[in-house]
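One structure is given here, and the rest of the page talks about it.
Which chain is which? They are A, B and C, in the order written, and residues in each are numbered from 1.
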Amino acid sequence: MTVPAPGLVRPRTRRRLLAAGRPGWSAAVFVAAAVIASPVVAVALGALLQGGLQLPGGVGGMVATTLALTVLVALGTSVLGTGLAWLVSVHEFPGRRVLSWLLVLPLAVPAYILGFVFLSTFDYAGPVQSGLRSVLGEDLGALPVRSLGGATIVLVLTLYPYVYLLVRAALSDLAPTAYDAARTLGASPARAFRTVLLPLARPSLAAGLALVTMEVLTDFATVQYFNVRTVSVGVYLVWKGSFDVASAVSLASLVLLFAVAVLAAERALRGDARYHQRGGRGRGLERRRLIGGQAVAATGACATVAALAFGLPVLRLVTWAASAAAEENPFTDTRFADHLTSSVLVAAIAAATCVVVSVVLAHALRLGGGPWVRAAAQATTFGYAVPGAVVGIGVLALFSAADRLLQALGREDGTGILVTGSVLGILLAYVVRFTAPAYQAVDASFARIPPTVSASALTLGAGPGRLLGRVHLPLARSGVAVALTLVIVDAVKELPLVLLLRPFGFTTLSVWVYELASENFWERAALPALLIVLVAVVPVALTFRNPATRHAR
Amino acid sequence: MRRPLARTLPALATTLLAPLALSGCGLLGGEEADLQVYSARHYSLEEAFAEFTDETGLTVEFLYGDDAELLERLKAEGADTPADVFMTVDAGMLWNAGEQGVLEPIDSTVLDAAVPEDLRDSDAGWYGLAMRARTVVYDPEKVDPSELDAEDTYAALGDPQWKGRICMRDETASYTQSLVASLIDLHGRDRAQEIVESWVANDVQIMSNDVELLETIDAGGCEVGISNHYYLARLLDEDPDLGVALYWASQDGAGTHVNISGAGVVAGTPSSAEAQQLLEWLATDGQSAFVDGNHELPVNPEVEPEPLVASFGSFERMPVDASAYGSLNAEAVEVLDAAGYR
Amino acid sequence: MMAGVMSTSETATRVATEPALRLRGASKSYAEHDAVRSVDLDIAAGEVLTLIGPSGCGKSTLLRLAAGLERPDAGTVELGGREVAGSRWVPPEKRRVGLVFQDHALFPHLDVATNVAFGLDRLPRAQRGPRVAEVLDLVGLAHVRDRHPHELSGGEQQRVALARALAPCPSLVLLDEPFSSLDENLRAQVRADTLAAIRATGSAAMVVTHDQTEALSLGDRLAVMRDGVVEQVGHPTEVYETPANRFVATFMGDADFLPAHVQRALLTCEIGVVSTVPGWGGSDVHVEVMLRPHEVALRAEASSTAVVERVEYHGAFVLHEVRLASGRTVRSWQQHGVRLEVGTAVDVTVVPGSRPVLLSGDTALTAPPA
């Protein structure tokens, strides 16, 4: 009596958006992809023309190190980020509310600053080992701080908030039914977490891990402190040691290959769930009150992480800044106001631009357009996986090509001011680099808008513009806020792009820190470094402080 | 539930856009100075340029960055570059800039007289302006200077007696690369390879900056290291009781390894006369202003180093072979790599 | 703006004569399978058509083609005589077709009144409030106008979704499994209310469902789809009683098939004479006969070779499954009071007056085969 379903029928979980597509919006996606890809393509082409793609010796070791570091940091951030998210989402313990947003703040500490603070605190001459020696005697020997392990610890401590934020948002959004069902079936809270919550939070974990691994792949400053030879370090080594830009770019494309693999893994991890989180519009889980030792342990764990990743670097910086201030009053220095303005300005414009691009991408994809449009949207995220300096060179190459073109077309001064370094170049480079995190956040929010809601608005006569303004934006605004925050934080911390592309007279806080730090003036670098943290903390606190403000509802 | 966010978003937007409204200008760069300098050097530059402006009335503006990146920027900008002067902190990079054709040949009797021959290449267009020595530093409580080999001090640190006692900079530092390049130049690649391997065999501790290296010696973490002389001068300036002493390396042999900061005039600049004037001033009247603040050594033999550096005593330096440092740098990286130096 | 007004009034005048929806050769395929294959379908003005089929048969795709959420690969779509897909393309927001989804798809950030007013942006501002009140009255929800969707029950959400779709007076409303997310006990009432509301506005409607009872009771006409093809369209009684083929026969209700023989207009099979087949006087053919459980009568008879194999109590009726001598089974509905023990030998006959459907192969026969 039952009719056998035809074998060709797909499961109903197939993603169904509005396949009719909108040429204008689809074109916008292609333009965005072209603009974002062009600097990278320009460098790659230049390298190809200069001498073909050639990998320098020792690549095998770099690849192995990169793999090891990436896997270790991914594991570390998964455990730390997910574990902390679980603690604060499912349990009640003293200080939970405060800790749950304090744990986001390490996002505001640049890895290169934490790396230096960590080394200066834990290396041989630092206070910890000195203290240990004075207690335990001189024979202690040196702790292997400068190692793969050290780099892993620092990167995990600065990058875990990506995972923590996204998983926490997913957990707070889940319907309690599945968790309760598991508990009534006799599962311990830990087992219910592992078997029920974790699989449901998997897409968010995957998205967080994608951001983490891209950061690890392109990090140069931090891993270099720790003597870890990743492919990105190789890029700089080959470029600056051998003046061999072609080989450096070849190495950079290797980094890009890693990123492609990471994004493919992310898609696999996310699976179908990406577009079907509708089941999870619950009111969140009932928190279990921890008592006694468990409560102390939970509070202690959260506080320790927050202290190590945020408290320690801030404390060290404040100490240094105070000792530098004792020598000369830093607040009479007009450069503070100047550099602060530059940093905030460029970060704000970059954030706004990246978010606009991301919203256009997400909205255009929701309007349909097929696999090519989806591929183009995906391509906009690869800039995150290209080392900053390579993007910078690409932007330069692109602008000078545009300049030559304009001159050939008869405009004598070409693009003029564009080529000679302007904030426009920095902005383009920022969009290339930071569209990925913005898009991840916005896309996650869009994924939670049921396609039927978009379809309903269209059939009620709302065109794409009204659909965006009245339906998509209001529903995705938490994702937009998160995207703005992530880009501001990233942009304020960003160094290589600004260093390479800034015009005369334009110095950001991060450049200033670099100027002082590269001459080893740590105490004087402390105050601008603190300002970077402060600037980044403001949007982080605004966006994530309130527990009701969830990422991508 | 939505309220907080609804309030947060406008607040966030206001925070972001306020500076935009306040500034408005400055987006496309400030007003232009008479001379614009791309510089991989930051230290003392503002003070020195201010003095130059006082004396000549020419204003100078500089943009600080990494020298390899600034060179790429110069090449990409081509004729449109706003830079008139390119200043680097490494002889090899100066040579490389000359090779890449971004510098203009200079004909200046003032510069030729002020800068020793091995520290300049007037055809290629660059001149050394400040000098630093990369020499041996040690813990005077544990090491007697007589234990150090006066003929080839760098190579002798590979002697088994130093096992577990030495510390050096990481391989990504141009200081390390240039030192190894000079060893290749001096001894040939095979011998240089042996030297680096003997350091590694001695369990050399790798540090990520010279200050950390000096502080580690002071704290007892290692006994002998290789550092730029001016970092020691700087630390001694802050703390005269620092437990680290300087040893001029290889005085009975090839001399102490030195490297230079230098500059050239960017090819095609409309201000080449003024640019040359700046270089001449920096090599003569401006030498002290340029080098003293950072405890560097003047290139001009007529100019005395500042007192703290002078207290290290005079020394014989290894002649600088910029083309070798530049062309051998890649080999130096390979040698370090092959030796497992990290 | 003027053009929009013109075409709206134009549509209004045509409504009486032109079909609300006309599909001609409409086809749509996805990467590896054809979702809709060359479908022809008309829905008359004011008519309610239900569309049924197993999941994946293409019925939702058909609805999305009508709404403009999918673009056909081939064929044309007309709304009220105006072509909207084919040689030209009219996007969904310009079609003014009402759409109600299974998940209701209310805008969670807007209150009920704003949800309903969403499609009224072309109406002069002063008329929007009264129109919202009017349609909310129609669905009996005037009292929830200021609430947000999450404060409503599933049934209320469904009715708000309907009100929102009906507010702009579309000449066609499409409902995609609108009742399947509702509780069983709510469903009948909501279904009746929905139908009444649609009738009250005079809109034509296409209701997609996978529930046979709903399909048979709801619409003026019924279309059965399988594998992207419309297998049969007709009045519900017609589809149920004279299915076009074996698929429609089994999909619309329980049916058993027995080999049969027609000779001189007399239909016989394993259980004996079934009926006469008028007009088949000259035939002598082997066919299959379809027996629905309500057409099969049972009587305990010790000498019979047919045996009750299974008994299922359904309340008002009891379903008996009987194994015949050949090993084939037939099912029979019996009155509430009749419950034969498993193992009882029974005499199986056809309820007098039944006109069972005959099939040759998978196709129903309406005339003697040539």
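In the analysis below, a contact is a pair of C-beta atoms (placed from the backbone, for glycine too) under 8 Å apart; a residue touches a chain by one contact, two chains touch by 3 or more.
Computed from a prediction, not measured in an experiment: that's the story for all the values here.
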Task: Central chain (by mean CA position) - done: A
TODO: Tell me, please, which chain's centre (mean of its C-alpha atoms) is farthest from the centre of subunit B?
DONE: C
TODO: Mind checking the centre-to-centre distance between subunit A and subunit B? Centres are C-alpha means, answer in whole Å.
DONE: 33
Task: Mean-CA-position distance for subunit C and subunit A (Å) - done: 51
Task: Chain centre separation in whole Å, for subunit C relative to subunit B (CA means) - done: 82
- [ ] Any chance you could list the residues of subunit C touching two or more other chains?
- [x] 109
Open item on the list: Can you tell me which positions in subunit A touch subunit C when the two form their complex?
Closed with: 1, 3, 5-6, 8-10, 12, 18-22, 278, 450, 452-453, 455-463, 466-467, 470-471, 474-475
Open item on the list: Can you tell me which positions in subunit A touch subunit B when the two form their complex?
Closed with: 57-58, 119-120, 123-125, 130, 133, 138, 142, 146, 224-227, 229, 233, 236-245, 341-342, 344-345, 348-349, 351-352, 389, 392-393, 396-397, 399-400, 403, 414, 416-417, 419-424, 477-478, 480-481, 484-485, 488, 496, 499-506, 511, 515, 518-520, 522, 538-539, 542-543, 546, 548-549
Open item on the list: List the residues on subunit C that touch subunit A in their complex, please.
Closed with: 30, 32-33, 54-57, 64, 67-71, 89, 91-99, 101-103, 105-109, 118-119, 121-122, 161, 164-165, 168, 226-227, 247, 250-251, 254-255
Open item on the list: List the residues on subunit B that touch subunit A in their complex, please.
Closed with: 1, 4-5, 8-9, 11-12, 15-17, 19-20, 22-23, 26-33, 36, 42-43, 61-69, 72-73, 76-78, 80-82, 93, 96, 170-172, 174, 177, 205-212, 215-216, 218-222, 231, 234, 294, 326, 329-330, 332-334, 337, 342
